[in-house]
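Data block below; observations after.
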Amino acid sequence: MKAVRLQVISNKQVSQRYWHMVVDSSLLGETVMPGQFFHIRCADEYYPFLRRPLSIYRINKREQTLEFLYLVKGLGTKRMTEIAPGAEVDVFGPLGKGFTLHDSWDTILLLARGVGIATLAALAQEAAEKGIRCVAVLSARSRNDLLATETLQGFGAEVYKVTEEEGTSDVEHVREIIHAIMAKNDIKAAYVCGSKRLSLLLKEIVREKRIPAEIALEEHMGCAMGVCFACVCDLQEEEGLRTVRVCREGPVFPLEKVVIP
Amino acid sequence: MSVTFNLEVSIGKLRLKNPIMPASGAFGEDMEEVIDFNRLGAVVPKSITKYPRRGNATPRVCETPAGMINSIGIQSKGLEYYLAKTLPYYTKYETPLISSISADSIDEFAEMAEIIAREEVVKALELNISCPNLKGNGVAFGMDADITHQLIRKVRTVTDKPIIAKLTPNVTRIQDIAIAAEEAGADGLNVANTILAMAIDVHTRKPKIGNVMGGISGPAIKPIIVRMIYQVHQVCKLPIIGCGGVMTGEDAIEMMLAGATAVQVGTANFINPTAMLDILEEIKAYMKTYQIQNITDIIGQVKIDA
Amino acid sequence: MSVTFNLEVSIGKLRLKNPIMPASGAFGEDMEEVIDFNRLGAVVPKSITKYPRRGNATPRVCETPAGMINSIGIQSKGLEYYLAKTLPYYTKYETPLISSISADSIDEFAEMAEIIAREEVVKALELNISCPNLKGNGVAFGMDADITHQLIRKVRTVTDKPIIAKLTPNVTRIQDIAIAAEEAGADGLNVANTILAMAIDVHTRKPKIGNVMGGISGPAIKPIIVRMIYQVHQVCKLPIIGCGGVMTGEDAIEMMLAGATAVQVGTANFINPTAMLDILEEIKAYMKTYQIQNITDIIGQVKIDA
Amino acid sequence: MKAVRLQVISNKQVSQRYWHMVVDSSLLGETVMPGQFFHIRCADEYYPFLRRPLSIYRINKREQTLEFLYLVKGLGTKRMTEIAPGAEVDVFGPLGKGFTLHDSWDTILLLARGVGIATLAALAQEAAEKGIRCVAVLSARSRNDLLATETLQGFGAEVYKVTEEEGTSDVEHVREIIHAIMAKNDIKAAYVCGSKRLSLLLKEIVREKRIPAEIALEEHMGCAMGVCFACVCDLQEEEGLRTVRVCREGPVFPLEKVVIP
């Protein structure tokens, strides 16, 4: 975890609302794990003032590059689109704890909504490297928002897509898809990111199926290094509720413990 | 011709090797990975409360033009944990530790101060009198000169270690509160805590902070804090720790020229994790440019035309 | 399906065709070259004093992060000129004129209010009670609830035209001042004037403002003002004119959600000379997006979780 | 006077501390006079927040371009250097009143210090167009800062240069130069910009010589359109002191009236 200025190799719009940035990470000198994130200074200004947390989307160890996939939402991400290739971007990280993935697992389920895909893509990549199969259910507003699926398919993942646009993204339909997937595959673990409704759904399903599951949470952050207590969430532990920091103890948590508000 | 630059300053009998320290709530053990605490003038952990507290609803921070609002709600593990874990952690550093205390009543302040001040590692107490007084309609202690006086006086009776009163800027005349603290026996003043603020998301129509209101910090408020430092310095002899919006060495110098003896850095740490060390280097560069040998020579040295 | 969007709002018996108007001191006749005054909800010329005043030393403005400090010192040509030249100039517009008055004593406020209110073109009075009370150690009238009450009460006796009290944000509890103004018979409240601030040039060591301190305005302070609007709206029924840091339509909407009935735009005019008209268009676009037929429907409609 | 976004044709560093910007003024549709200025938004940010006043340096009516010569001083002008050709710059103007120049005059004297040269250059250009000769005394910290003199020489001006670097810029030396110039030329009017000391000197000289003189003033500005009263200075009128606005009644004033503080 450190703040470094990395050179931007490319920064392109990949769909109507999403952009994709590749940075040269050769100066970073730290190992980055799927599920971890960077706290990014989107512009060298006082407004946007705070850094923005973005998950690592792809880790290319050989080429020494890192990739981010981001939704252009407000001021910060808008300014991020203005960073030209060749310029530097100030990133602070890698931060937080990544996903748990056991070499012995043969198939895992990824359930992502919207830009949650970015977070799970890095996991799909690692799974592919470890020879673990991925089945992914991706949910978004529109087909256009699902462009990232190609990356996942590139990693050999079997992908199911649901969208509002097509009227296929309601929870009951997703439940059916997951049940169908589980009937066909021996899913050893499941991961979710980007939707409260889908997280609750998955929580229910994995409780029944008795398989481990993890969730990558998002919370508004100040410091992203564990000192300000801005980014808390509650875990249901045996001794009762425990408040943890998403930036430090997370952003990945055991799904069954997270109190989804 | 080599000149040495002396950055030492004192807050009462507390000597600091330089005037730069973190602001409570924007600093913690986890920062040891990014900066060397031994290079700081002091360390100031998050305000501690007597009992554990869960803090406020999220979102707890939101961005504003050149600033941020926070409403953490003094999430705290309580005094017991603080004595058992937090303070011992800092014994490995030679940098003096200032304990920031939050309490719900004057008696609780005194009780906590007495216990904490006994600890060897604690070199001074900072009383966060900006927190609401549960016995006074929730109005902050520091909003009332009399209550401030009573509070400091009471704490004064339980310890000889330096007491710093952290004032709230949400007052009509901060000078009156400063004088009350001085007369009651404080050794220093922190000017100041955050300013009460609010932001609303026009699309959801909800407040951007879970707790509705919060305190604004960052460069946006620096001109207000600099004014208060200046006002307090005009009427009161106590050393002042300036706090609010310092991002650069020049910001720190500006506060010192207005009358601050030392400077705390809060939000800047979130933007630039090595801000405090960068600020120190910038201060040294400034001293070199203007051939200032002792940093104390600039305290209160703003030039006012007659 | 065409819907009409109604932007009308009222401050007491003063009806405005829309909620956007300039802030006193950041508007004047010379702006007629850049915007059509007839499109504004009201016009508010610079505060007028009884006698001509030269104002303060330069520099009178300086920039701060997301804001500016000014200390003009109510440079004014005096009441006589105002009656003879300024007011007649505005008769060519149909937009209601709100006269902003600054005075050194309660009696002077009443005297000026009486004279000015007699003018046909003047549709309401805004009392700049943030200026220092020469008979009260220079503390601003609006820093004291009792004095605010006396002042408004006195002015109330001399005119039936709507009286707007322009509050100062430099107070511990703005609600108390608001209630005092309400009880004394004000028809509306302006929340608020600038916040006292200071900036120092670290190279020259001089204050960046000739008059040492000044008032900070602009986006930097908007979160503080939004909080005050919300606080005042909770305790007081008077219509509020929000003022401080509005740059965009969303900023204006934010203030209205917090409780403002109308919004003044000051510093934004310096950055974008057509800011007020742009803000109006942005408000219309917002109403369209959210199908709000009457802008009054959003006043105070911030959603607070129970 | 209006705020418009004009396209930047070029924006280059011309000496160590000075930059030169050329903008396409075809969309401006207003006549610009020497001595007038524009209030420029140096960046689309909240910090720098205020616009910055810059005199018009050259007016090219045929090509429909305007030029600015600016000293990189603080945050605003620093950000201005970052505006790339092709991008737009938000300028508000033209503002203020320009210089008085009578067709019948045959020779005028320009006395400029530092970036005051930018302001007087436009006047030199107009003089050249009207067939009026210019003699200019330019003062600066260093030779490097005097690069703009080439423009003036391009307008046929006879240029004397003094600098701190060479120890030639003290008031007494400048006085000698001006006396020598006046001995050789029939100076009909004089203009000064950029230095209090030199303005006081010129005031003294023109009072003796009984020739008209004008000064272009600088003052910190808020609105630049006459409403905020930030930019005032005092004029000594027959009826006593009169406070005027540099942005509106100025920035050019009769030298003999201005109270130089």
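Going by the order they are written in, the chains are A, B, C and D; count residues from 1 in each one.
FYI, a residue touches a chain if its C-beta (ideal position, glycine included) is under 8 Å from a C-beta of that chain, and two chains touch if they have at least 3 such contacts.
Computed from a prediction, not measured in an experiment: that's the story for all the values here.
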Chain at maximum distance from chain C, centres defined as averaged CA atoms: A
Rounded Å distance between chain C and chain D, as computed from the means of their C-alpha atoms: 36
Interchain centroid distance [CA atoms averaged], chain A/chain C, Å: 47
Chain centre separation (chain A, chain D; CA means) in Å: 56
Residues of chain C touching at least two other chains: 64-67, 218-220
Junction residues of chain A - those touching two or more other chains: 46-47
Chain contact graph, described as a line, ring, star, complete graph or other shape: complete
Chain C-touching residues of chain B, taken from the complex the two chains share: 57, 64-67, 69, 139, 143, 170-173, 195-200, 202, 204-207, 212-213, 216, 218-224, 226-227, 230, 245, 250, 253-254, 257-258, 286, 301-305
Residue ranges of chain A in contact with chain C within the complex: 46-47
Complex interface listing, chain A residues touching chain B: 1-3, 41, 46-51, 75-76, 92, 219-233, 243, 248
Chain D contact footprint on chain B (complex, rising order): 65-66, 219
Chain D contact footprint on chain C (complex, rising order): 25-31, 33-34, 46, 54-55, 58-68, 70, 72, 75, 218-220, 267, 269-274
